[in-house]
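In what follows, structures are represented as structure tokens.
One chain, chain A, links the two complexes that follow: it is found with chain B in the first and with chain C in the second.
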Partner chain A sequence: MLTPSDDRSAASISGLTLSLERDGVRSNVLRGIDLEVLPGEIIGLVGESGSGKSVLALALMGLLPERSNPVVGGSIRVAGVDMVDGRPDELRAVRRDELGVIFQDPMTSLNPTMRIGAQVTESSRNAAESLRLMSAVGIADAELRFTVFPHELSGGLRQRVMAAIAVAGKPSLIIADEPTTALDVTVQAQVLDLLRELRDEFGCSVVLITHDLAVAGQIADRIAVLYAGRIAEIGPAADVLHAPTHPYTVGLLRSRLSLSTPRDLELQTLRPETASAGERMLGCAYHSRCPLAVPECRAEQPPLVSVAAPATATDTETAFENEPAATTATATVTAAAPAPATSHDRACWRSVDDVQGFIHTGVSAASVLPVSVSGAAREPAVRVTDLTVTFSLKTGWRGRGRGGGRTSPAEVRALRGVSLQIQPGEAVSIVGESGSGKSTLLRVIGGLTPATSGSVTLAGGGAQMVFQDAGSSLTPWLTVGEMLRERLLPLKLSRPESQKRIDHALTAIGLPLTVARVRPSELSGGQRQRVALARATIIAPAVLLCDEPTSALDASLAASVLNLIREMRKELEMTVLFVTHDLSVARLMGDRIVVMTHGEIVEVGPSADVIERPSHPYTQALLASVPEIGVLS
Partner chain B sequence: MTRFIVRRLASAVVLILVLSAVIFVLQSVSTGDPVKAYLGANASPAAIAAERQALGLNDPLPVRYVNFIVNLVHGDLGISFRTHRPVVTDLQTFLPATIELVIWSFVFAVLLGGIFAVSGALRWRGSSIFRAPLLVLATAPPFLLALGGIVLFYAQLGILPANGRGPGETGPTGFLLIDTLVAGDTAGFASAAQHLLLPAVVLAIAPAIAIGRIMRSSLENTFGADYVRTAESKGLTPFRVLRRHVVRNSIGPGLSMAGLQLGFMFAGVVVVEQIFSWPGIGNYLAASIPTSDFPAIAGVTLVLGTIYIVANALVDVLQAIADPRLNA
Partner chain C sequence: MSASDPNEILLPPLETVSTVTGAPEVISPRFRMPGFPRGQRTPGRRLSWVIIALLIALTLLAIFARLLAPFDPVQPASGLNLPPGTPGNLLGTDSIGRDLLSRTLYGIQVSWFAALIVVASGLIIGGLIGTLAGVFGGWLDNLLMRFTDLFLALPGTLVAIAIVAALGYNLQNTLLGIAIVWWPYYARIIRGEVKSLASRPHVEAARLAGTSRTRIVFRHIIPGVIPTAIVTASLDIGNVVLLLAGLSFLGLGQPAPAPELGADTARNLGQLLTEPWIPIIPGLAVLMLSLIANLGGDAVRNLIGGRR
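Let's look at the complex of A and B:
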């Protein structure tokens, strides 16, 4: 195992345990983490929400939220300073001199009332250095940008400003917590490139925290997969991605949507968690979701050991005899990297052989038969003709209402003459980056935003909408049952009848009937999105409008919600409009893909054609930026 | 920014014009004959008729409004029926006392509110010893606080006076604290400060809680903000994080509330001035209302309304300075 405080490492974590209190309930967030961050390496920390990856970042900075009364065991050393028990001024000095941080959302992570230059200078401590850094991270016209406020910059530039702040003072370690998640896909690639350049130029180490294995795969030297506060698997990036040895890593890779995910099969998902928190503490935390679990997994936590030296002797033999691929992979690792910190380790009772054998198991996924869309003879379900929408950004203190008035409003043309026809039963994906007008188009069709000119015609039956943030689109003080019943009011059903409809709707979305008595705050993100779907479909709409319904969900949950939408589309014979920024999701959800940018449609076509033979340069650029891992070896 | 300020001030002027129109209409539809009130109950009908003509009360309404505005611009608010002096003269006499009281009271309110907010948001140990009594006091109506204060500090402890502004001579500014200081009258200054303390604090408590609670919740929101975490990750000291990142971003709601409260304080001053026999416009107004002294009432209303409008315009401008996004 690793020595607890290696002098060479940029940061060294050993035996780290951490519990936090939320609403009076204490939970173990980190449960024994050993990790060395070597000088100049980029290490990707990958995990789903709740894996403890962001808390680990905060712990590295010594910035655990005091209100959660953190209880920390083990040690974290950054630049030789104890970040757990060190004095506040020592920790501040480390943060100032040794650490740089890039957070997820550059809009909220920069002070809105402070000029960019001043914010960089707080870290760099002189204006000339700030200008130099801003140029170094690729901000053109740094002098001009120096005196503007964050809201005057684009998302990509803001994240570059964060990067300038992070590299100020030549830190030995940069912590990037989901640095690309809030950004458009074309900008994501730039920010990842920037991180690698920063490492190359400044020689600092980078801890890249992300939920997406592919993002980590793009720049990380090593990848650590976190599950429920423990490292499930850690090793050189290529090995973890192409020869994963932990069932959870395999599950993540399989449920990840890509441009090559089969379109006509049900999407693969991880099993839902069924073990209680207490049960998870006992054995391997993943056991209730693991398709390979054996009784041992329930009883005892597997230790994190080298792939080359498996947990039990019997496992070793089978692993190396029967699985040449794995042997080669691990052999390369041990040969090329003798240092212990770069070995490929895993925490699993099953053999490498069993896990890697499982990768290739045929999946018995149900086929999703394509819905037959009738020819053009029928009246389109949605007809959008020459639609324009212009928002006026009212200046001044009376900034409400739109148009008119004596003030001269700045205008944003969200849609510039969009025309589109959608056949009954057809599913169309609308893809674009932020500001492309894709959500506005959906909102106009749903009647939530008035059109400035042009027309929208819906052929009977009405439209229902599902939003990105299910949490805020559900009324917090109503139970799920009350919300569903509310939708049934126009039908004037008797109480037992409406109860039957509600039960049916909950069954259809795969939630237990008891959920009807629960308020949204007690549900998980995926469950909330299911409830939102139930609310939209309890009276089957002719058109279902989905606005990025899965972009806030973990990959596996997202896949299960996408499966559900596809299933319901078939069952209820709905027309579906699906807005997304993610081309791989668009490809899976739409018979056709509509690509939008700057309020205009630049490309429309059958999904396969658009993905395989994009004709518009913008579509090509989008496709080129999609992070891909490639097929599992 | 300049455009924003000019527009905001222009709209304040429009509001003041609207206010003057409202006051004028109220005055013209009010019952009670101002001429009778002016000349006394024994005046002959002929004298009343002549006076009506002289005051222009027989002119059509629009003409009278124009006259009203013209006079207003020339600083003529008419003659008080009760004191028989120009209302402007009366206001010059009584307004400074009120402004002095309210300004100090406002300073106390902001200070107390600020301490209330910061100590609460930062969870200073033991700070609830300060917050709890303030919360309790704020539940009492001002007149009760005033009477309680007099009983305790004047009648029982004898450390503070119970009425008036003190023996000092007012000078050019009309603000006793400044005038006595300019005149080198230290005894007068000390006495003036003593006289001011109790009414100012009484008037300050309710606004202090209003400002404090709003500021506390906005401070707490800001402390949870991502950019505060960014600031902490730069290794800044807690004080610097508070000063440069937290305060400016949480000041908006506090400013709005302070502006509103300043307006309310000018309105609420009537009761406090009565109890402390403070020679300000509150007292003046209280004496004018029973005698239907409309020029006086209109004058006071116009002044208070104008102060309210200007204060809120200033708040908007300050908010725009604090948050550059507001005038984007």
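Let's look at the complex of A and C:
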């Protein structure tokens, strides 16, 4: 594995350590990473936020931020060039000739003032070649799209343009940093396919950085799981996914929601971190969260060593079944054994058997679903009748110019006649892609957006909302206590009484009472979302509206917030409306699922029915695009 | 998160604190404010505080100018045209024997307070109009902003000159003239800030929570505007100092014997070649005022800008 300047590898990282400075505090972001990227290989770098995966990508490109005063140890070689100490012009040459990059957000990484064609041609050097590349990455009508600006394209097309630029210089290595995270699920699948096609056609290697094991599992030949700046486990994709040997990988796989996660059980989450930064540095960084930790884990860092024997016969079988690409990658490597492409390494003191035994340990079987959903006899908690919402866009001179300059302003019909009834105590998930009108529906029900026509009737008790971005939904300069107290104002409680309510609310969401004196900026993302939930439920609302409350959180945290919402729902007997783009979340959170597209409801039904027997083609397409691993359930 | 944001990995995040901080720290990272680690002062912050201290010193100088000045600024004190460094007249005297140090100190007092008054009045008028327009929107927003545009369209300095010329040459009218052309900038900036804050989810959350409109404005919007307003205003003080000095240089300030930096420079310009210190000293005072004011504005921005 440790072959520092292997000529065959597209990139070779050995003993890489990196620390960055922020506000005068230095953090060790990467702590000893060895990684070979072989030619023609797709390697998935998986980790939660804070694992160092994005910084590793920047380091590979030699683009570490100067203002953070990076201190690098070890070496990074891309196409034989030292990316750590190389001369700036050498690095530039490598970036130009050997590297292609695809970022998460194609809107911000394309130049908004340049036409698409010109941007591709900057890398390809000639227009005909650009056209060919644009067609190659699956942009239909490339000639037509050649002269448009980035904002005139959809997210998926923009990502394709990024891909065209990335391959334009015939790179030997493409670095894709969360290329699918900002995209709708149907587009995600296309972009992943595209990456694999690029590899097949151009023979380049791909480093795919993602927080989702399943995304990596879809196309990667090998997967490296990063935790706290070190590789926890690395191996052929199928081995890592189907026979994980590190407790963290197991934890990630277990907390990942899928379409087969049991609906009525509490979701599994990783334990919260309790070790201080110093303690984490000393031993295995994962020790305080690891259910299998032994004293040794606290004291000494486990080395990354090969998993001695293949786990079980069945596992190896599935591995080769699901992994046609692995053979291609192995073929390019000459007889040297053990070749990196097949070696499965892990950094853990516990034995492989212990970890794999842990995979199959049972979980608590207490149901989190309410005992019964109230019958249809009662008045519905939410009644939406023939709702339409039309936004008129202020058009610029270009919009008015067409048709002689006297056309009416452009209109977007966000909702086109939506009707929906929700029973008290029922939970309904609304699923759709961006632009489907799902959030607009939620906002109209909450009274934040006025309806153009139609009506919304809410049961007494009103609606409260939990927003996607918890950070911006909390007033930055007010303390948590002040915000919660504000909600209690209409009750005209005495001070000790309202204090009691606040303490109770904080306890209910599992935060210490001291949080009341703290401002949102001092809280973590998961904690902020909990506070937002406390504010919404401190006086139990009739309806709780959730607008993608977990889509910005890491899988394990998302699971813990979902657990909390379901617990609250049971306890306060709330009606819950849960908007999400993620079908597996929708299935868990809703008794019924409503599927929306283009401002209309196309399918409504009990969760199990919609997931197992989707009737509308759109629902079927959505379901087909969900990345699944399909093990460990 | 995008790869272009290296800070991602440094934010101590979530319950899964997977960040690795170099220095062993005793406090739990859970409640550490991301941007403001405890006990850490970057060099930039220290410099900012030094400049703020200068700003305070300057204000104290202005307040106590009357006590600090050794002579009456309008009465001849000693010999004519004495150079700086003369015992008793530290900065020398002018052509009729008035003490230059005393005149400069009084001039600083007038300039500094005049600038503060103009900026404060601009902030109050502009803030009020901007907040009203931003909060209510609709026709009121249109009305107030078109009115603001009207003033923005006028060439400020010329209008100020016209007002002073029409009402008479004295300090009050100069201040009035500048204040009238100065507020529209603040109205614009504050309206924009109010609008963007009002569309943030935290204001929507407050609306959903049943918070009254007044309370939303005072608790959930205005506190967020204040840092921007303070930064804008403090960067502006220097401009007002210069404009005031310019107007008084043109003879639109206080009438003749009163000490004023711009006017003192202008009146004594004839001696630039023979006794250069007489016009240059008040000019340097203007330079110092506007420099400290501008640096002060930057310092304020450094100190409170990062918090948002």
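Keep this in mind: the second predicted complex is superposed on the first by the 581 of 633 C-alpha atoms of A that agree within 3 Å, B and C clash if a C-alpha of one lies under 4 Å from a C-alpha of the other, contacts with A are read in each partner's own complex, and residues count from 1 in each chain.
By our rule, a contact is a pair of C-beta atoms (placed from the backbone, for glycine too) under 8 Å apart; a residue touches a chain by one contact, two chains touch by 3 or more.
Keep in mind it's a predicted model, so treat the numbers as computed, not measured.
*Asks:* Which term applies to chain B and chain C once both are placed on chain A by superposition, clash or fit?
*Replies:* clash
*Asks:* See if chain A has more residues touched by chain B or by chain C, and give me that chain.
*Replies:* For chain A, the partner with the higher number of touched residues is C.
*Asks:* Considering only the touch criterion stated at the top, classify A:490 as touching first (chain B), second (chain C), both, or neither.
*Replies:* Once the two structures are laid over each other on A, A:490 reaches chain C alone.
*Asks:* Which holds for A:270: it touches chain B only (first), chain C only (second), both, or neither?
*Replies:* Touch partner of A:270: chain C, not chain B.
*Asks:* When the two structures are overlaid on chain A, which partner does A:105 contact: first (chain B), second (chain C), both, or neither?
*Replies:* both
*Asks:* Just to be sure I read the superposition right, which of the two partners does A:14 touch: chain B = first, chain C = second, or both, or neither?
*Replies:* In the superposition, A:14 contacts neither chain B nor chain C.
*Asks:* Kindly classify A:123 by the partners it touches after superposition: chain B alone (first), chain C alone (second), both, or neither?
*Replies:* First partner only.
*Asks:* Counting only touches as set out at the top, which of chain B and chain C does A:93 meet: first, second, both, neither?
*Replies:* First partner only, chain B.
*Asks:* Check whether A:550 is in contact with chain B, with chain C, with both or with neither, and answer first, second, both or neither.
*Replies:* neither
*Asks:* Jot down the residues of chain A that show up as touching in both complexes, chain B in one and chain C in the other.
*Replies:* 101, 103, 105, 108-109
*Asks:* With touch defined as at the start, can you tell me which chain B residues reach chain A in the complex?
*Replies:* 4, 7-8, 11, 225-227, 229-237, 244-245, 248-249, 316, 320, 322-328
*Asks:* Can you list the residues on chain A that touch chain B in the complex?
*Replies:* So the residues of chain A touching chain B come out as 61, 63, 92-97, 99, 101, 103, 105, 108-114, 122-123, 149, 151-152, 162, 165, 393, 395-397, 407.
*Asks:* Going by the contact rule at the top, pick out the chain A residues touching chain C in the complex.
*Replies:* 19-20, 22-29, 31, 47-52, 54-55, 57-58, 64-65, 68, 101, 103-105, 108-109, 177-178, 209, 227-229, 270, 272-273, 276-278, 280-281, 285, 289, 446-448, 462-465, 467, 469, 472-478, 486-487, 489-490, 514-515, 518-519, 521-527, 532, 535, 553-554, 556-557, 560
*Asks:* Once bound in the complex, which stretches of chain C touch chain A?
*Replies:* 1-26, 28-37, 40-42, 200-202, 204-211, 215, 219-220, 223-224, 308
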